[in-house]
């Protein structure tokens, strides 16, 4: 892709973490134009975040166990090609390093012919269960960041 | 709001068209964190586009009757404040003028206290039913643009 | 309709409570066969229950304020005619009297020509927030039943 | 289960066809009561039908290729136990033999502890693409039935 990167590279930062999953377009996801309804993609992105989160110990459940929420602050989607009912698809989820107290996720969806159909990103902040915005990542996430920096994530 | 405008003003262009609608947060739209699930907002935006489209003769049905589709090419959402079950909300939909063959919609969602909860935009292109990308707007839309420019849309 | 009643009449019981609402089929509710996806109707039924509940003080919020949940135990839907994008529709919601600790709701959906398109019912039980099944209705609901029996619900 | 069978056994009929699939409860499927929203189950049933349909050559795509639709005529759901976010679950889909021009599907959903959480059924009719109700199954489905009867479906 020739587009500008969603998250500009941070000098000296560890490389991004990547996880891919495969799935298939379901009937109820398709609209009367016979393509996946554009409003379905946030759900695909969430599937991607959940798979990466489980792999690295930063899933929704890990946040909840630590009494922290990570609400979406910003979402952006670029629709390149349509997906149709029954299409095979892959969701590549990429977590980008940042020093800030936030989660910068990028997504690349491809069809069965490995063509990019959709790209996008989400930004999440940390909110303690007392509804206070957190200026620093919660402890379990800080440990995850430390491991990432040390290069000891698989 | 102090944020940068989603669509920079075009010198000499006619002012944007605005329509507002009221609705209420439904139970199924709320997630286990007790706030509207972030992936529901594309549906709110679509409600907004449909209301403006009906008012000005450029609804989904008008496109279909003219054998043109207007798929979403880009969507962006900024989440400012959460909405909760039963909250009153308003969706302000704003169509911005452009000379290009596209639809530039902006959205501002407010809660019952008139606080902005969410803003965002969508960009749509024109695709003929033979799947050809259209470099110029379809005729019925060109007439709508002409009326807009003449200031004869109420 | 000639079909068997969903809830057989109870001798001596007060008449059912009825509320109707109007809405329109939304784009995202329609499937690739150009009809409302069959799995959307539970959402229509919920809209109906919520309108009746607000009118009579037995909405989802009233239950929550009383620390009682009323989960769906059974749902049944008969699809008579399809609904299409943009169709006007009405949802008639009917609460049937019962001595048991449950909510017996019936639904009749009609299109803009007043033809019945869909009928169905839901049955809900009462569960206290400590997850105990309740053999008797919660107090606020018992008062509502008493008023219903006295005929002082408008 | 001690409940009455959804589809009474037909004497002399070939045994039902069964397929199971595994999945996990997704975040967006869970409601503010922290259980899967009751209106999500039609989507689980559809996943089940699609898996069985692909296995036996009677999927949505097979119907479409033969210019026949098989709309849902009736759906019934019994909610036995709740499912929660992240729960493992299995969907067992059972196609019951019938001489009539319809599809009689039964569903049994179980949680990770193999407890039944939900049961239900759907009934589908055959509609030709010219919108005519079909009194006999389409040819490709009649062949499938013949194979089923001969016992040559694995």
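Each chain gets a letter, A, B, C and D, in the order it is written, and its residues are counted from 1.
Simple rule for what comes next: a contact is a pair of C-beta atoms (placed from the backbone, for glycine too) under 8 Å apart; a residue touches a chain by one contact, two chains touch by 3 or more.
Computed from a predicted model, the values in this text were never measured in an experiment.
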Item to check | Chain of greatest Cα-centre distance to chain A | outcome: C
Checklist entry - In terms of C-beta pairs in contact, which of B-C and C-D ranks higher? => result C-D
Checklist outcome for this item: Taking each chain's mean CA coordinate, chain A and chain C are separated, in whole Å, by 38
Checklist entry - Where the CA atoms of chain B average out and where those of chain C average out, how many Å apart are those spots? => result 33
Next on the checklist: Rounded to a whole Å, what is the gap between the Cα centroids of chain C and chain D?
Outcome noted: 25
Item to check | Contacts with two or more other chains, residues of chain C listed in rising order | outcome: 27-28, 39, 43, 46, 85
Next on the checklist: Quick check on the complex: what are the chain C residues that touch chain A?
Outcome noted: 27-28, 30-32, 34, 37, 39, 85
Item to check | Residue numbers on chain D that touch chain C, as the complex places them | outcome: 33, 35, 38-39, 42-43, 46, 69, 71-79, 82
Item to check | Footprint of chain C on chain B - complex, ascending | outcome: 26-28, 43, 46-47, 50, 60-61, 85-86
